[in-house]
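Listed next: structures, encoded as structure tokens.
Paired with chain B in one complex and with chain C in the other, chain A is shared by the two complexes that follow.
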Partner chain A sequence: MRLGHIFLGAVLVFLYTPILVLMAMGFNASPLYQLPFQFSTRWYGDLMGNEGLLTAGFNSIVLGVITALVATTLGTLAALALNRHSFRGRSLLQLLLLPPIAIPWLITGTAMLIFFFWTGIGRGMHALVIGHVALAVPYVVLVVGTGLKTIRTDLEEAAMSLGSTPVHAFFAVTLPLLFPSILGAALFAFAVSLDQFVVSYFLSSPGYVTLPVQIYSAIRKGFTPEINAISTLLLLGSMSVILIFARFARPQSPGASK
Partner chain B sequence: MTEVHIRSIAKSFGPVPVLHDITTQFAPGSFTSLLGPSGSGKTTLLRIVAGFVTPDRGAVTIGTRDVTAVPVWGRNIGMMFQSYALFPHMSVARNIAFGLERRGIRGAEARALVDQALEMVRLTGFGARSPKELSGGQQQRVALARALVIKPSVLLLDEPLSALDRRLRQDMQVELLRIQRETGLTTIFVTHDQEEALTLSDRIAILDRGRIVQSGKPAEIYERPQTRFAAEFLGDSNFLTGTVEQGGVRLADGTLVQSAHPLPAPGAKATLAIRPEKLQVSTTAPNRLTARIVTVIYAGPVLSYLLETLDGTRLKLFQANRDGTILAQGATITLGWSPEHAIPVAE
Partner chain C sequence: MPNEASPLPGPQSPGTGLHDLRGPHSPRKIPGWAATTALLLPAYAWLTLAVFLPLATMFVFSFLNKTPMGQAPVEFTLRHYRAFIDQGYLVRIAWNTLVMGFWTTLICAVLGFFAALALVRCTAGRQRETLLVLILLPFWTNGLVRVFSWTMVLRENGFLDSLWHLVGDGSISFLYSRPAIVLGLVHGYLPYMILTCYIALITIDDAVIEAAQSLGARWGTVLTRILIPLAAPGLISGAVLTFVPVIGSFMEPRILGGKVGMTLGTVIEDQFTQAFNWPLGASLSFTLLAVVLAIFATFSGVLKRGAAA
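Showing the complex of A and B:
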């Protein structure tokens, strides 16, 4: 028990310290991480003038939201089909969904670039949406599928015995119970998109760049704490979204009635 | 009160036939148990009546309505599941009101019906709770209330009590029977607990490998089983096999066993079933066999003895523990029984 706490503490320290340092340095007047710490909002001011970073940040969020919506819808439907219906090729399909999670993104990205070039899809926002959705769907299927397994099918049967059509039973019983899993899957998909560098790097066009890609090219030219600033904003934004959703999802727990 | 008719129902899952040509009838207001070993098709038959499974052949009629092509949600059935299947994200009251809502009953009228249903299952005041805050037995009652409140034409129960411990199960049996009598609902109850079937039912239908091998009143089946399977599955039984001769059955060791019941033609093979509690230690009964006591099982009110005759036939004897005397293991005793209790059964 004690040991567990220590490990957990260590993990949290290693996870959060760099992030906290990054956030703090966004408010440090020195551009070279020099101490003593001198509070300043200079980098935020500069950021407001940095069109490139701002646009890229905005692009990343929009792309993340679109990816989350599309991937969650598709992935949830796929999870339902895979778990609740039997059809030819089901196990094959189920099997095929998993390897992409393990394939290095560099390979996936290269393959997508070649494929998109070859089919004329090209690069740019539409290519990014397609690419990110394709990357996120397996995670959604996994998360929603796991949630679905904890919801007994006899709940829907009970609803039907009481007069629900299958569609009504789904919306009245399964969907509310599945909601936390779907929400979790959406956050996952959003995170996959927001985090994505390799695939985004290959698929973005000069006119449409995501934040990680923009940061990467900015760093190549020389690091400025504006990057800390936008990272901080982004972090705070996505963390508050996650916390709000986590609060929302809590009162509903999936599972059997026992 | 509604009658349920099943006509020539057959069902296979893939190449495996699960039900063969089942025809039976559930009288209005009756309580029927479907009893049979695991895999005999009880659940499948119940789910065909419910509408979850479509039969390959045959018809289901509820009341005067042929429902074979009607989906579950159009059949107006009350169903209870082994796992209770309460909706975990709804309060007890909302669980019970679910079926009412589907029937367009809402507001004060629904609330009154929900309260009435809660009162019937003796859970008045539990409406605001979440199913998670109830014990297994209470959840089971809520499931029952939810099934009853819609005034179904037929109540279908698939081993609803098997998850409860013994005492609670007995309480629920009493409760279930009371409610079934009060409501007069035609009830079909799946179980593989023979004692439960005997105590609850007006009628028992015994299933074996997808066929109803015998159906009738509990006492009828128990006292007059028609097959070895029925005799063995409902209660315990001794079996003696031999050849029909002089109005009795001649066993291998030469003993002629009298039976008061019609036997096959002389010369034919016959099996007699004799209930272990119908045997007694006796040297004067018309039918007698000598056997040695191999095992003594002391079970409180009942003493069971496992015995073996000279030619190796195994027998069971149940005795009421009337005065605390226990027969000794290894003793050789003479068992006697009346011809009335030697029941010819088909193999």
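Showing the complex of A and C:
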């Protein structure tokens, strides 16, 4: 039994060591990452003056919010149809949600680049919105679909038998119960967009880059601990989003066994 | 995945049998099929525009003789699909890519299986929940930043060297090597493997293991005759979902491999960002997609059961 704990501890050390080293180096005074460690907040100060990284960070947040809003709307509607209606071809439609998740992003990203170039859609913010929403929609359908399975349909039927219209019954009964799942799905979609690099890399234009794309070009060109500082903020940002998501998406079964 | 509906539309022409499409819970006033269509159309139209049409266009592009820029006419050719014959170095790169995928998957599978086993057998309740969250949390953070973080550890005079200097001299830095790429990739996909193995192992009844032990089975026998066979679906889905993105990776080999980090992924990226040979990039992308789809098709049964669990 003791052996298992040691092994799990080693796995956690392996998973978190590089992340913690990255974070620590953002607070180290040396621009060449020299040790011994000398505490400094210099790089966070420099970051505040780095137009390129700040703009890219702002772009990423705006893109994440737009992606979350659009993907959550589209995905919730689709989840309602896929879970509450029965129709021919439903399994096929569910299967079609997998390619955006399962095909390596390199393939999806280069395919989007070719298609957007060929149709004249081009690159830039609008192209990134199209791409990110497509990558996030399947996750929204899964999260909202899981939420819908826990809501009993007879509640809505009860409302209708008491004279409610189907639309009103949905808004008065199902939607409020479903709201935590929808919020969770939106957070998830935001995280998917925030963490996306490969597809963004191919769809960014010189005038519109996201934070990961900007970080990548900095890594390729030669970087300073400012990159560690912004990476730390990005990691903490997506970790908090996912932890909040985990709270919302937890199935609401009272007294669930641990 | 629920499987009540047949995957393909029946032979009858559209317009007939629409009444059947009406689900038991669909609104009464609006026809069921109209509501269903209205709900599905936005999402699937978007996916068509953003994913399915692009994949189809890429397929067409892979047969063009050059990137269609300007007025020059383009012709159709099979040349790019002969790249593996005409450009011999691609075979070596493809082989290196598969080897990289193999090692990453194998290391993830071994570590992931035993980590999941330790979670199931040695932890419970709140402790287990916390450990699971801690293990999965990095998986949902930026992959690029996590790969970058390894350069901090592996570079000369980096964190690893600092630890080494406590006991020895010189440098054990191995940044810009194939093992560095595999290490970064294992770091990226291990959480997922632990999760799929955990889901498979948690369903094993303790009584089965106790019965085996009471009949005199050693730990090794329990492992090879009970635990591994019963965890196989988790191991296989974890392996597929590690191997597939790994053979399509390009940012990890670039950052951690430097000059030795040539993989199919980096060659494809080069065609789009440096060489500007889109048709060759498209044909290589499509070849990779064919491999990926073949892997998914081979293991679809296991993956479906994994998804249902």
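Methods note: the second predicted complex is superposed on the first by the 203 of 258 C-alpha atoms of A that agree within 3 Å, B and C clash if a C-alpha of one lies under 4 Å from a C-alpha of the other, contacts with A are read in each partner's own complex, and residues count from 1 in each chain.
Rule of thumb we're sticking to: contacts are C-beta pairs under 8 Å (C-beta built on N, C-alpha and C of every residue); 3 or more make two chains touch, one makes a residue touch a chain.
Computed from a predicted structure; not experimentally measured.
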Chain B versus chain C as contact partner of A:F87, first or second or both or neither: second
First (chain B), second (chain C), both or neither touched by A:P176: first
Contacts of A:A158 with chain B and chain C, given as first, second, both or neither: first
Touched partner set for A:E226, first chain B, second chain C, both or neither: neither
Comparing the two partners chain B and chain C, which touches a greater set of residues in chain A: C
Chain B/chain C common contact set on chain A: 157, 160, 165, 258
Chain B contact footprint on chain A (complex, rising order): 152, 154-155, 157-165, 168, 172-173, 176-177, 252-258
Chain C-facing residues of chain A, complex: 1, 3-5, 7-8, 11-12, 14-19, 21-22, 25, 33-35, 73-75, 77-78, 80-82, 84-97, 99-100, 102-108, 110-116, 118, 130-131, 133-134, 137, 141, 153, 156-157, 160, 165-167, 191, 194-195, 197-198, 201-202, 212, 215-216, 219-220, 227-228, 231, 234-235, 238-239, 242-243, 246, 258
Footprint of chain A on chain B - complex, ascending: 50, 52, 71-73, 76-79, 81, 83-89, 98-99, 102-103, 131-132, 136, 139, 143, 146-147, 150, 156
Interface residues, chain C side, partner chain A - complex: 1-10, 20-21, 23-30, 32-33, 35-36, 38-40, 42-44, 46-47, 49-55, 57-58, 61, 68, 111, 114-115, 117-119, 121-126, 129, 131, 133-135, 137-138, 140-146, 148-153, 155, 157-159, 162, 187, 190-191, 194, 241, 244-245, 247-251, 254-255, 265, 268-269, 272, 278, 281-282, 285-286, 288-289, 292, 296
